[in-house]
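Have a look at these structures, which come just after this line.
Next, two complexes with chain A in common: one pairs it with chain B, the other with chain C.
Take a look at the complex of A and B:
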């Protein structure tokens, strides 16, 4: 296979890991890359979903477009790390704009998300239109951020994603207790003397990290599903946050790896395949989960009714 | 201004009027993100009709798209009512899945078949005056006819259902008790939103759908305290954004939907700071 040839040519720090997989080198890069991205999204998704901020991710991922465009305009070249930095900054700004609109502007969260989504998306479109009209030969491929692209993934992307994953795991482990109390009982946390805005800012930063890592792979439009679907699946299977976080991360990683592999083999875009896989798992778990599933609940309800009838 | 420019402004203005009227109710009901979800969820419907009939702009396209829009609304509503998933997570599960189906359909069966994802997302408002149909012997832009009909239909619907809509938006429990069929009204509203989102998607693209439904209505919410005046102000904001946004786009030679969206955002920012009673400045003054 040509895979081994390119492998020995391009092998970087992860060469050994990638070659140990029973896959051609390009396939291995995509599978490991999408798995890491899925892992980070699954691990950090609960920060949004459990606080009823699922659609935050949607506005943040659309917000990355403007940041990517500005970073490109400033540097004039497609340096992946700088584009990522721009995306991270604008996604964070979008998130803070939403929180500010909710708190200071007294908007309901759905309206705040809608306004920020609209402004950041149209700003991104105007900037990208300006770039594509400028005739800069480097610009081709910036739109990939809207729909995602795995074909151009290289080892450097995995290294960046792994670094992000390391940061995410470290912050979640260190701040777990704080995170737990802020998620389930913000009132108590505030009374207990913790500055809630610190927790808010930290979890927003982490979400921005997840969004930025994922947005190039699955695209701005589909990113929100990667944050939400694994959490919904995991939530059906456990009631403990300490189990939920790793479980949802593993589900995200598996969806990413399998989706990346299937899409490579079937020559389909990876983003939609990963998202459909994750959504299918989520719907299955909503219907079939042992205790919280729709069927289990209906059965429990019927059982209770029958017992009631017998007792009467 | 050329006649084409006027046509673009009129199409955008009409659409922003109907979106603002329905959007007002959505903002009050906390369902402001629904149109955005619907505008993405309709993609598989458009692709499916294309695969079946080979057309991508027929009446069937609208029917197929609306079917998937309604599917998105009902699917997320089912997930929410199952009590397992919060309403925001339900929406975030359903619409990306449907959009994924659409993209897979395009890349698998219809690649090279001119279903242009770019124009679907960015919108081709710019070219709307060029796509004409003949009506009573005259060539009229298709989007103008469709948005005109949609606007009349939406205004008629809201006038006809004024009482139940009003009651169901502010006090669902009262609406149900008073015999105003709150839940049914809500569902009629959602189906109307799905249909209008399809029309908007077809004429101005997905990016302006979320803008037109949410931003003018949120602006008006800051400026008024009565439902009727809120809807009128929202429609007015939509027209101002359409005219000003078009002007900016022409003078800077950039994307028209993009600048219309940014102008709406600018109007919202102005209202947020300066609104007489709910604005930041007024509230800051009241505190000191």
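Take a look at the complex of A and C:
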């Protein structure tokens, strides 16, 4: 981290915010950047988890690798925005491929996901390996898209992530009821006159947004965990979607910020650290949550039994 | 209750609708009319040549063996199945003209499991077709929701999470949603699976009462005995319509033989 080039240390539009944190400037950039990425993943993760399409999100994130590689091959340089654009295009292609295999190919959805996930990961790895063997001096660091990296994160990355977060929050706020109804009861919602394919397309697009923003920090292989784990944690703590979404977003942000900072200091890849943290919280909440936790349920069950015995 | 504000006739905004619901007069249009309807799932034809008319204001059952296309017929008519041919008329109109007046209660496994939603939030969905998906519900909507929940005996469960309710309580909540919609026609897909006998009887009583008030009810059902005892009308399916009319005329040994290939209803 300390080796970051001086060019990225110049304070940009977020300088004031970043300097107000009790951290060195590079650490502040990582913490804020990963927090925003985690926030978006936590906010949009429910679109995958509650629709029982977590693996769909996983295949989309594996799909980003090939896009990153192709964008690099076409431009011959590591321009972050262009690499993200490549990631977005190939993630969208992966989503279309899965839908096409399901609809036209009449494959079951788990088979369609399996095919797209393995093909896109293979393609991504073949391309990245080819690039790294090409001896292009520019290529070093492309492999960080596999497991994620926070080193080299600059203020411009935060601005891009904030713009994505703004779009995500706006769509979720405006379309909250629609998203809730269409996810909970698609049949009723369609009969009521909603074109559910529009909702499907919007939520797939939002999922692509979360994946693309997170893929460099968390890595294509582990991105799905940051989409799923905060939702699992939040779901244990609330029974309302209106609470679940912000709660999951905050959990994602905290995991991102803490994990990003720790990984930088310990010189570990960011993805595994963030994901371990998020998963640990999920496991804790599954066991300890006050109402829905394993322990609370066991206790409630025993209480019912005792009451039953007394009644008899 | 604020009936004058929320009467479905007014919500639908047509003078015909006022005639339909006031004074318990004769219904001019059938609840559902299908002409030459066919539907397929994944290229496999499930329904062919369906011609049927279900009268308005009656409790009607769609019955038949597994795979007979009962649910498919209803879902296809509601536009929930991709490849459908033929003419569909709900209350004499194409569905898009009468969406507010048609309430749909899907099969329990067509609803997301373990979804973070409370009972009252489910019932509130019944007001969305009237109020739109972006606007807040009004106090009149809230009254309507509370009234509907009281009517089916789930008022005290309003703030309970849906996944903590029993199968019977859940089904009452979904019926409350249909009531909150103040629909003229309620379509239920297998409403009594995962429901205890007491709730089934209570729900059936509510549906029967609604019919007496002029609401049409169409339920996909598999309990032939109950259809014979409690329903006004039945449609027997086996890939197409075998027979339709009064249950006693439809559920005859010959018709059942055709549909089931045997006699599932032993003589009394």
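The rule we apply is simple: the second predicted complex is superposed on the first by the 295 of 312 C-alpha atoms of A that agree within 3 Å, B and C clash if a C-alpha of one lies under 4 Å from a C-alpha of the other, contacts with A are read in each partner's own complex, and residues count from 1 in each chain.
Just so we're on the same page, a residue touches a chain if its C-beta (ideal position, glycine included) is under 8 Å from a C-beta of that chain, and two chains touch if they have at least 3 such contacts.
Predicted model, so just to flag it, every value in this text is computed and none were measured.
Peer 1: Put chain B and chain C onto chain A via the superposition and say whether they clash or fit.
Peer 2: Here chain B and chain C can both sit on chain A without a clash.
Peer 1: Which partner does A:78 reach: the first (chain B), the second (chain C), both, or neither?
Peer 2: After superposition on chain A, A:78 lies in contact with neither partner.
Peer 1: Applying the document's definition of touch, where does A:183 land relative to chain B and chain C: first, second, both, or neither?
Peer 2: second
Peer 1: Which chain, chain B or chain C, is in touch with more residues of chain A?
Peer 2: B
Peer 1: Once the structures are superposed on A, label A:129 by its partner contacts, choosing first (chain B), second (chain C), both or neither.
Peer 2: Only chain B is touched by A:129; chain C is not.
Peer 1: Answer with first, second, both or neither: which of chain B and chain C does A:106 touch in the superposed model?
Peer 2: Both: A:106 reaches chain B and chain C.
Peer 1: According to the stated criteria, A:193 is in contact with first (chain B), second (chain C), both, or neither; which is it?
Peer 2: second
Peer 1: Name the contact category of A:156: first (chain B only), second (chain C only), both, or neither.
Peer 2: Touch partners of A:156: none, neither chain B nor chain C.
Peer 1: Between chain B and chain C, whom does A:52 touch in the aligned arrangement: first, second, both, or neither?
Peer 2: A:52 sits against chain B and chain C alike.
Peer 1: How many degrees apart are chain B and chain C as seen from chain A, counting from C-alpha centres and rounding to the nearest 10?
Peer 2: 90
Peer 1: Using only CA atoms and the superposition described at the top, report the least gap between chain B and chain C in Å.
Peer 2: Shortest inter-chain C-alpha distance (chain B to chain C): 5 Å.
Peer 1: Which chain A residues contact chain B in one complex and chain C in the other?
Peer 2: On chain A, the residues that contact chain B in one structure and chain C in the other are 52, 106.
Peer 1: Per the contact definition, I'd like the list of chain B residues that touch chain A in the complex.
Peer 2: 27, 30-33, 36, 40, 79, 82-86, 88-89, 91-93, 96-97, 99-101, 103-104, 107-108, 117-118, 121-122, 207, 210-211, 213-215, 217-218, 221-222, 253-255, 257-262, 264-265, 268, 272, 278, 280
Peer 1: What does chain C use to touch chain A in their complex?
Peer 2: Going by the criterion above, the answer is residues 42-43, 75, 78-80, 95-96, 99, 102, 104-106, 110-112, 114-118, 121-122, 125, 128-129, 133-134, 161, 163-164, 177.
Peer 1: Touching chain C in the complex: which residues of chain A?
Peer 2: Touching chain C: residues 50-52, 106, 174-175, 177-178, 180-181, 183-188, 190-194, 235, 238-241, 243-244 of chain A.
Peer 1: Mind pulling up the chain A residues that touch chain B in the complex?
Peer 2: Against chain B, chain A makes touches at 49, 52-55, 57-58, 101, 104-111, 113-115, 117-119, 121-123, 125-126, 129-130, 133, 143, 146-147, 221-222, 224-225, 227-229, 231-232, 236, 268-269, 271-273, 275-276, 279, 282-283, 286, 292-294, 297.
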